[in-house]
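Below you'll find the structure, written out as structure tokens, and then a few comments.
Chains here go by letter, A, B, C and D, matching the order in which they are written, and residues are numbered from 1 within each.
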Amino acid sequence: MLEKLKRLAQKALLDRSLAPLLRSCRQLVSERGQANVYALALEVIERYKTLPAAQREAFFAALATGFSPHPDQVLAAATRYAESPAAGNLATLTQAVEPLRQELLRRVNRAPGGTLMLLSMRNDLLGLLRNSPELAAVDADFLHLLSSWFNPGFLRLERVDWQSSAALLEKIIHHEAVHEISGWADLRRRLQPDRRCYAFFHPQLPDEPLIFVEVALVQDMAEAIAPLIESQPDAAAAASARTAVFYSISNCQPGLRGVSLGNFLIKKVAAQLSTELPQLKTFCTLSPVPGFARWLAQATTEGGDAAWSAALQRVNAWRQAHPTPAAPDLASMPKSLQEDLASLCARYLVSASHEALGDPVARFHLDNGARLERVNFAADLSRKGIKQSLGLMVNYLYDIDSVEVRHQQFMDNKVSHSSAVRRLLKPAP
Amino acid sequence: MLEKLKRLAQKALLDRSLAPLLRSCRQLVSERGQANVYALALEVIERYKTLPAAQREAFFAALATGFSPHPDQVLAAATRYAESPAAGNLATLTQAVEPLRQELLRRVNRAPGGTLMLLSMRNDLLGLLRNSPELAAVDADFLHLLSSWFNPGFLRLERVDWQSSAALLEKIIHHEAVHEISGWADLRRRLQPDRRCYAFFHPQLPDEPLIFVEVALVQDMAEAIAPLIESQPDAAAAASARTAVFYSISNCQPGLRGVSLGNFLIKKVAAQLSTELPQLKTFCTLSPVPGFARWLAQATTEGGDAAWSAALQRVNAWRQAHPTPAAPDLASMPKSLQEDLASLCARYLVSASHEALGDPVARFHLDNGARLERVNFAADLSRKGIKQSLGLMVNYLYDIDSVEVRHQQFMDNKVSHSSAVRRLLKPAP
Amino acid sequence: MLEKLKRLAQKALLDRSLAPLLRSCRQLVSERGQANVYALALEVIERYKTLPAAQREAFFAALATGFSPHPDQVLAAATRYAESPAAGNLATLTQAVEPLRQELLRRVNRAPGGTLMLLSMRNDLLGLLRNSPELAAVDADFLHLLSSWFNPGFLRLERVDWQSSAALLEKIIHHEAVHEISGWADLRRRLQPDRRCYAFFHPQLPDEPLIFVEVALVQDMAEAIAPLIESQPDAAAAASARTAVFYSISNCQPGLRGVSLGNFLIKKVAAQLSTELPQLKTFCTLSPVPGFARWLAQATTEGGDAAWSAALQRVNAWRQAHPTPAAPDLASMPKSLQEDLASLCARYLVSASHEALGDPVARFHLDNGARLERVNFAADLSRKGIKQSLGLMVNYLYDIDSVEVRHQQFMDNKVSHSSAVRRLLKPAP
Amino acid sequence: MLEKLKRLAQKALLDRSLAPLLRSCRQLVSERGQANVYALALEVIERYKTLPAAQREAFFAALATGFSPHPDQVLAAATRYAESPAAGNLATLTQAVEPLRQELLRRVNRAPGGTLMLLSMRNDLLGLLRNSPELAAVDADFLHLLSSWFNPGFLRLERVDWQSSAALLEKIIHHEAVHEISGWADLRRRLQPDRRCYAFFHPQLPDEPLIFVEVALVQDMAEAIAPLIESQPDAAAAASARTAVFYSISNCQPGLRGVSLGNFLIKKVAAQLSTELPQLKTFCTLSPVPGFARWLAQATTEGGDAAWSAALQRVNAWRQAHPTPAAPDLASMPKSLQEDLASLCARYLVSASHEALGDPVARFHLDNGARLERVNFAADLSRKGIKQSLGLMVNYLYDIDSVEVRHQQFMDNKVSHSSAVRRLLKPAP
């Protein structure tokens, strides 16, 4: 692995298009570059932009090998620190351990357009990681710095509505990842007074939404997605709504993968809605269960109790009879089979340990301290919804006073769930 | 030293007012706190605010001892990394070395008001450092994070003028550290079209200037301060000016000590002025020499050449005759003695090695890549000016194309200077 | 006529829904109302809003009869003024002549929402004028005041682009009256860097565009509409463009009919574009000739010269052969017949006297001081274009230095035209 | 009178500096000028600016004679209208009566800077009116148009505070006409949370306050000015205040004299404060009585009742003994004499008929529908206060629900007053 990196890095030093970029990088982090960071950082940016895509891996390999801490210096500093944990020794240690490429990234960030460039670089890097896992060391530095710079304290929460610029709304349409927005009319409906959309922005990227969430203000916890995105707007509803349903959350910056924003976005929006509309009592989601159908296909009856095995067999039988089910098939499913499905879904989400839980949406909300509140049958009858989860969706409940405890429970491998979910887990034999 | 810290930290754990604050800190960085960072960070802020000043040292001592990396974990990780510098080993090492208090500060920063709180905490900490140098380890973490967050790429350059809010202008009056602003009329003169003032702001602290610089747009490199701050405004002058004189630069946030902002401020303002007023040819300063009089008092004739010794003796004789010189005394000084003074000042600034140079203003500009251009006699006849430097001021020249080379020269212990200064260094015998 | 008004007004005084509104109006203009204008004006607005549509005519009739100047007071004041034109007599005269309803409208305008209300009222009134021409006296007061309030000096010119709010862009789509915008993608093309859109706004109606113009930045004077609204955007073109083509101008507020805004909009946009893009040399329009086909159908050969009569006969023969021509029919028209058509169009626009000229677009631009520059065959092959003008469009040229002279010529019944148009007017026999 | 105007106007036509200005004016209102209003209006503005001050009277005289309606046209139109009040006849009449200079002013207003120019012109005109009362006809047109354009519905209410620009605050200091602001520290005190300042702005003059009012938020109706402008700020007081005292209202634009703004300003601020601070129960003023001392000096005992005559004699005796009273003299005045003074002041303000009431401040507030609430002894011990009113100030109470009735009473020559004032009017014999 490391060998491959070294080979790539070696090549980089000789390559005609890469060598100047690496030279600029070296200059930028040098003592001498200190006085001219601005111009040198622009040079690095320019040279990276014109670098052929095929050379990127070699470039990152050069960052991985040539801008890493020196093992012997690190070991010496660690030894001294182990002898005496004095401030001076700690300072030496810290300096020895920090990869020089962190300073490189910090200096690139000082130029105009630097932040956007780093996001774009990281996006490239993430694409290479699969085949070159040793680049993870470089990615760790990106993630470390981006997490610090995109600290939620620095972000600006902004409401997105019909007064927002077309340029911004176009990005919202483009990035919506959960329930596709089919055009301007569709978007408009989601921005009416009884619907809300909020996005986080970073001061350095004022025109780029980082992440956004869509909320429906309704009476009761929603049990299906269609009424939220298709119904006629009802301005009066917003004023009397008692429930805020977070029905979609989408990231816009792939270069920020791993920087935790969604958790804060949901909590900040909940806080803001509470202030603005004090009559809101419940904050919950209506969420997909993207891993359910796949899990179902792999689940075996072994090791499960009898009721569970029976339910699984009944569902599997139905699935064999309906290899590519459509909305009407689900609508005509017998009630008892619906309950089997809901039971299995609850089992899927609740019984797995914290680490084994494969459903990313569930992981996200449970990690945020939410509770699994309800399983809804025939809630998403879109093609994607049927394929992913046989049309099931679930609600996660955010009870601000309990998120801390529930997050801890999740860390301790217990998934918080409502009594309704508990009943599903113990199906009648 | 470390013993003292440990004693203090121990005390902290028992103290009635400190214990809750430390408990909040622990909770905030805990796994469980993850889901509730916002509220917990506010709690830390609140508890620090109400902490009696006398307890602060113990608090920081607790951060120094209890939130530091574990030496044995560090050593183990360093050893593994020395064995193989693989990405995974580097990740483990980095994690082992980063003090937990960095995460604490990052999380405090997420709360509203967090950034301002951290600046205020650091200000307190800087005050304690003198007597408790071991707290330097804590301060290093503050400095590391603040440098990253106050990255010049994130700062907003804003012109301060008579359209600025009174609240901001009041802060400018308050923080001007070089040439005191005596009131609103005085300030107003410095904001006329032929004068400029620019400040850096951080998006998180929109009402707090971080650092500001005052500039005079004039024909020639200024040789005295009074005409810059006392003359009648001349709107036409701005349009025909060929020289921009940076005559004052002041920091507003003591909690940002060590975060390099001035260098970027000067260069960004120079770039902006160049664009706006392309007829500007020269960018220079008119700067005090705050360490000169003190150095003169300590200088000995030993080791110097004859001309230098003679000059020093003549100046010292005059100083003994004028123990507390006033403006008229300087005005009536013989020309030859003026030259002696200027020579000595040039020597003071040029001959010392990079590390020995005691004058902070000189260090700042030379480090930025400026050149010592001219020594001006009777340039600042205020009480402070006479006391610090017998009325002398100097110009540093910023030639953007040369800053990189000159910074490097300064690092190599060579002070860039003009031919005029060179002549001063070789006084006629 | 007047009798009808009086009958209507009488009815109004008795009507259950009208009487309260009229009472509020009386109160608002009374001496006593002076101290409470704000609340009373809101009352008038509220009552008008809830007035059944069928009662509006009676309401305006009451304004026409009950809020008009008293003829005998007017006559007495005019007599005194004729005896001596002293300031006092003029003041008395002015007061006697001003209809009380002007003060009513001014006071309504003071309430929040008042301006929008007046625009809406006038829109209603314009709808009634056709059947009740005597209401013109009321309309004159609306027009007088609105002209004063929507004085171009008070309007804000704003560029409309992809950064504008969706709410505004939706209004642009809705109000485009010349070349329909078929949706967001279509609009987007018209807002690219090589196209421009500008609108006037009134400070009192910040969200309501009053009128907007669309401009194409191109090399040469455009000869057809399709390339302007259908071609791919060409960002570089904007920078090198030498010609600005105003290809669409649309009013958004029917209540402002008769308030001259378009003239100022074109000139202000031309001035702004000149400053921003000094390489622009030509400012012209590409305009429809909406009255041409109708005129052609009615034109007789009598009184015309021989060449003209012959051309008209040839064109009519073709039209009989092609009663509902489509785009391909026009494309295959013989060249000589195209010239006949262009000649006739030139004649239509040029030969009529200023008052007889029936083409509103021509009247508008000629009145603004533009010159008829060129007649373009097959320039608008949309259904509407073929129906209105057999596909012809014309260019009007705005030469800022000549608008004053040309406007005067138009007032003197001479239509300014280019030598190319002159040639068309004298067709070869 | 008219003769003088004609003579002046005649001169104007011949004068070398005036003739071009008048020519531009004629051109601007001509038919031909229509197409070029923007440029021609700028020309008028430029020429007026450079007109020698001594020529202004002749210029306005030319406007008075040459741009007035033609008496015979007016008479003919009035006669036709008397014969039949049809819409057409009214339109002809209106057109005949409107002085051409109104159109001139409207067109000047279309140019950038036009509105400010008109205000400045009118200011000049007001200065000339005293000696040339016949120019009143011109002034009437200015007033008519400015009233329409500065319609309160078009004005923006803005809070002025320490966040306002120094440029604006400087204007506030400059224009404060009631209780002088002695500098920035003094101003700052008046902008603390327990004090408020609000100004009206016109969209066309975004940097020019038109009128502003200062308000103190206190517990009880204030009885002296010093505590309002000198006391230490008390942030908590604002939150618990039950009374808003309007203690100063100042116009900033002399060119707007006669345009009623103060009335609306007070009512709009009261409405805004009510919304923001619902605990406020009382809205009142603390106002000077600028005409009282002068009235006292002229008052005779004739025609008054015995008690009143006696009080007047006692006060006059004291005044003869204290020809130039100072603050201590007033402080040591016997209580009975204080009551005499208050009684006389009440009489001064209440007994005069609406038209005879000489006190402009009283006229303003009573006309607005306020009630005279209380007379305060030793309320303003500044030199100005003692000179104008022997230190007396009064409170006017604004009870929004009663302003309409009270305004009407004032029009009917009845001054609304409280029972406390009523007692003062009937002094014990």
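Following the convention adopted for this analysis, contacts are C-beta pairs under 8 Å (C-beta built on N, C-alpha and C of every residue); 3 or more make two chains touch, one makes a residue touch a chain.
Since the model is a prediction, treat every value here as computed from it, not as a measurement.
Undergrad: Which neighbours do subunit C and subunit D have in common?
TA: none
Undergrad: What whole-number Å value describes the gap between the mean CA coordinates of subunit A and subunit C?
TA: Distance between chain centres, rounded to whole Å: 53 Å.
Undergrad: Calculate how many whole Å lie between the centre of subunit A and the centre of subunit B, each centre taken as the average of the chain's C-alpha atoms.
TA: Result: the chain centres lie 40 Å from each other.
Undergrad: With chain centres taken as the means of their Cα atoms, state the distance from subunit B to subunit C in Å.
TA: A distance of 63 Å separates the two centres.
Undergrad: Going by the contact rule already set, what residues in subunit B reach two or more other chains?
TA: none
Undergrad: Considering every pair of chains, which are in touch?
TA: Pairwise, the chains that meet the contact rule are A-B, A-C, B-D, C-D.
Undergrad: Which of the residues in subunit A come into contact with subunit B in the complex?
TA: 1-2, 31-38, 64, 68-69, 71-72, 74-75, 77-79, 81-82, 84-88, 90-91, 93-94, 97, 99, 106, 109-112, 114-115, 133-137, 140, 144-145, 148-149, 151-154, 156, 203-204, 263-264, 267-268, 367-369, 403-408, 411
Undergrad: Contact residues on subunit A for subunit C in the complex?
TA: 162-167, 169-170, 183-184, 188
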